[in-house]
Amino acid sequence: MKRAFPILAVLTGVLLSYAMYQALVVAPTEQTMGDVQRIFYYHVPSAWTAFILFAINFVASIVYLIRRNAKADMLALVTAEVGVVFCTVNLVTGPIWARPVWGIWWTWDLRLTLTLVLWLIYVSYIVLRRFSSSGQTPLLAAVLAVFGALDVPLVYFSIWFFRTQHPQPVIGGGGSLDPRMWHALLINWLAFSCFGALVCWSRYRLEVLRRDFDETLALEALLEPRSSKARSS
Amino acid sequence: MSAAVIVTDLVKQFGRFAALRGVSTEFAAGRLYAILGDNGAGKTTLLRALAGLTPLTRGSISMLGTTDLRSVCGQLGYMAHPSLLYDEMSGMENLRYFARLYEISDRGQNDEDRCADVIRAVKLDPSLTRPVGQYSQGMRQRMSLARALLNDPKILLLDEPFSNVDLRSAREMVTLLTGLRDAGKTIFVVTHQAALLEGAADEFVWMEAGQIVSRTSDLAATTETK
Amino acid sequence: MSAAVIVTDLVKQFGRFAALRGVSTEFAAGRLYAILGDNGAGKTTLLRALAGLTPLTRGSISMLGTTDLRSVCGQLGYMAHPSLLYDEMSGMENLRYFARLYEISDRGQNDEDRCADVIRAVKLDPSLTRPVGQYSQGMRQRMSLARALLNDPKILLLDEPFSNVDLRSAREMVTLLTGLRDAGKTIFVVTHQAALLEGAADEFVWMEAGQIVSRTSDLAATTETK
Amino acid sequence: MSSVAGLTRATLAKDLRLEWRSKDAINSMLFFSLLVVVIFSFSFDPTAEESRRIAGGLVWVAFLFAAVVALNQTWAREMRNQVLDAYRVSPAPPNALFLAKVIGNFIFVTVLQALMTPLFIVFYNLRALGPAYQLPIVAALGTWALVVNGTFFAAMSLRTRSREIMLPLLLFPISIPALLAMVEATGAILTGEFSARFWIVLLAAYDVVFTIASLFLFGLVLQAE
Amino acid sequence: MSSVAGLTRATLAKDLRLEWRSKDAINSMLFFSLLVVVIFSFSFDPTAEESRRIAGGLVWVAFLFAAVVALNQTWAREMRNQVLDAYRVSPAPPNALFLAKVIGNFIFVTVLQALMTPLFIVFYNLRALGPAYQLPIVAALGTWALVVNGTFFAAMSLRTRSREIMLPLLLFPISIPALLAMVEATGAILTGEFSARFWIVLLAAYDVVFTIASLFLFGLVLQAE
């Protein structure tokens, strides 16, 4: 297990560079949009990675509510944080792309709105964890995560009617994509997922260390001889 | 004599500070325990743990033969430092509301009567219409005790019931408590006025720095060692 | 000996209920008064009136030779049932703020030192970073006393300083108070634990139903009559 | 189950009595929404056509903000003297407390709406061109949506620092679909240009989902310390 | 007088410390502003011509909401454990307390405005056709007006035993001139159709009058029990 981390790190590095090569050099230039379109290879994988991380957060939160397992809680925390980062990447690359292509930064379109709401929900999740003064932050956070996950389908339906400007889904949407573009996209997605996993893992280890540290301090207090009284502690 | 409360290896941490540091002990049913100790020894924390109000870091509590505290909380009376009463309502109105929470009328006694009875038991006047927020500190303290007695609990957890109460009334409270004990209740009284319970309490439990350091039935003996 | 506090015909009504019913008396400077009485006798109301916190229905108070209480409030220390402290700040932070209110540093002593000194005087640790809201009840009570002592007041009004405080610490507090009395302060202590002040208080003032019913320097005598 | 209903009624009665005595919540809500109406009517020189188009948004933003102001005070009363602990040690089911609070807030906000609606109608010269009977349905469903989640998150923000600002932070993201549905449904009814049916169904679905979720999870939040 | 300034600073520092234990607070305020703007754009389609026309009003409703959230907790902290009594028995002048609270709230609301304004500009595509440099002046004067009155009346409603429903209704007419001036001035600057000079002078006069009145009367309010 100890060995796995550097291996994953190296693999991610290699994948990311290869994917960048694919995206910037190998993939053909889009006819109407030109080179701006290459942002596609960062825009879409970051969204997909974020969605996956949020899904893991939901599952981990449910597990926490049932089992009260500290590991599940840490997993939920980590996936929410990293998911928000990837979601931000998508939300930033989108407007950068939109400005030259559509002529506007933002529009209230189905996909855009959904992403924004998701981002808002998980930021509020992180804010709650930061501001909690309770000894049971994990519990409150898990409850909020469940509420957030329940909200997503409702958001989806509520913006169903919005006039859409955004391209239809690649998968199952009937759009035809050049196979080389497909290739570059999938490689990028794989690289992003590995990268996401890597960041999550480090963050997870950091969280484990932090909690261990707190526990050690408290344990030392437990072992303290009785004579050093609580009244002066 | 059966054990009413069994506590094993109780640890309660607030962040990095441990308020309870491994408390393991048993309390027999039908006895009056005085819990004594310096400020910050962990008495209130222990009581809150017994009342099921605070999630434990480690350890377990078994009460009236079950570890599911939720299922026995109808048998519990809890009195805390704050009054646990609505300042804007009169004493009767407060108790009437709590009587509904405990569904006392289902047990065959009329709400109204029961409330008036407990208020009289703590030597207050049930017809007082003043809101509790305007009571004097000692009156509020007694009303708070009345609230804890309301559901005729098997186990009573009282956190400093005598503080702010005048001496004569405190003595009357002790009489009331010994009466309840003789009727088979298990009573825990946290107090700094141990002398009041001399002769009344069956056992004195001393706490220090989150642990129980001694249990004795003779107050004089322990105050010496202190 | 000059009179530090002169009270004439004090009446305080809450709506139709009179909490003080014509209190007229004098208190000499440099003495320690224990104010005793049943719950609801009006002790807290009297103390709040002396602190200038409650407008009177009738009567007047003269303190340190003036009836303008606002002008002498810098000479006053007041400790109440509630802690009068910010729960979210540590003890030191609280005191530092109140030191600013009293402009203690203008009197030649460094804020920081003065705060640390009073905290040590009530046997707490000035370096405790925990916010006051997380103190145990007794610790909070002592910090509250520290706040009242902060401005080195000539007149101290203490409402039940010993409640919730452990016996040993309460005895230490009494020693602290007698020390202050010997240094020339006038001290009023409302308490239900009169025994603690036996030998320490110069006079015991009994209140009943909003009036002062007796003043004596011998506690034993009054408890008999009670 | 009957016990939940009974206790809900008892708690609700207690809350209404206390609110009647202090008038805290209704006061601040009323004050706030009056200000909002006035501000809008200053900045706004409405031809009927235009105002009808944005009235839905105006009304619901005013109510949402007013509700947040009131919801922030819901639990304050239970925290004073830690009365909430008295509830927690009693065998009474947490859901009774939750339902009572929700119904109480629902009543407050509804009273507010009943008072404000005539004002809006007068100030903005409103008249529904669509089926007006749907308006109360939308109002009731929408208010319930705001209030269920608001009460729940207010309970959650009790356990946090800076709790006043915490409530909107938690509530707003989750209530976006409900808000959108309320605004659109109201707009649809007022302009009569399209049917509000879809939005009403969506609102109902939102209410059902979150009421059930809250009832399941409130016990956990209450016992968290 | 120097003592008032010093004590105001001390009290303000204390309040700010309690509020901003960490930079989390600023982040959460940023998030709060974002949420408010997002909520608005869900309720009022920002691309619509009508909603651009009432943007002045919209912006002030958002600011008002932020102010109410802030004002609500101003005195709550002083009431817990009756710390206010500790202030009342001290020789510190009441006005120092009042000024500290007003300035604290002013800072809070101004930070929120500073965060929200760019967001509003982006979302509503606002552009001032009049002299834009007047906008911050209007914002500052308007916020001060809101905050002085709000702080004063919040203190008053704490002390009066029976918080009658009349109180906000009495307060209400008093705030109307300020609201009118804020909204009109903002509108004037945004549209550039007429000069905001008159409204700015009115706001300034309002601020001066009510600040002085509050400073004179606050001592009475504080000492009333």
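Structural remarks
Read from first to last, the chains carry the letters A, B, C, D and E; within each, the first residue is number 1.
Simple rule for what comes next: a residue touches a chain if its C-beta (ideal position, glycine included) is under 8 Å from a C-beta of that chain, and two chains touch if they have at least 3 such contacts.
This is a predicted model, so every value here is computed, not measured.
Chains that count as touching both subunit B and subunit D, per the definition above, are A. Seen from the C-alpha centroid of subunit D, the farthest chain centroid is that of C. Among the pairs C-E and A-E, the greater number of C-beta contacts is found at C-E. Centre-to-centre separation between subunit D and subunit E, using Cα means, comes to 24 Å.
Computed from the mean C-alpha positions, the centre of subunit A lies at a distance of 37 Å from the centre of subunit E. Inter-chain centre distance (subunit A to subunit B, centres taken as mean C-alpha positions): 49 Å. Here the CA centre of subunit A is 58 Å from the CA centre of subunit C.
Shared interface positions of subunit C, i.e. residues touching 2 or more other chains, are given as 139.
Contact with two or more other chains is made by residues 22, 161-162, 166, 169, 172-173, 176, 180, 224-225 of subunit D.
Residues of subunit A in contact with at least two other chains: 120, 123-124, 127, 131, 135-136, 231, 233. Only residues 105-106, 108, 116, 120, 123-124, 127, 130-131 of subunit A touch subunit E when the two sit together in their complex. Residues 3, 6-7, 10-11, 14, 17-18, 77, 80-83, 85-92, 223-225 of subunit E touch subunit C in their complex.
Chain contact summary for the complex, subunit E toward subunit D: residues 19, 21, 25, 28-29, 31-32, 35-36, 38-40, 42-44, 48, 50-51, 53-54, 56-58, 60-61, 64-65, 68-70, 72-73, 76, 157, 163-165, 167-169, 171-172, 175-176, 179-180, 183-184, 186-187. Residues of subunit E touching subunit A in their complex: 24, 27-28, 31, 34-35, 38, 41, 45, 122-123. Residues 51-55, 70, 73-74, 76, 78, 80, 82-89, 93, 97-98, 100-103, 147, 151 of subunit B are the ones that touch subunit D when the two sit in their complex.
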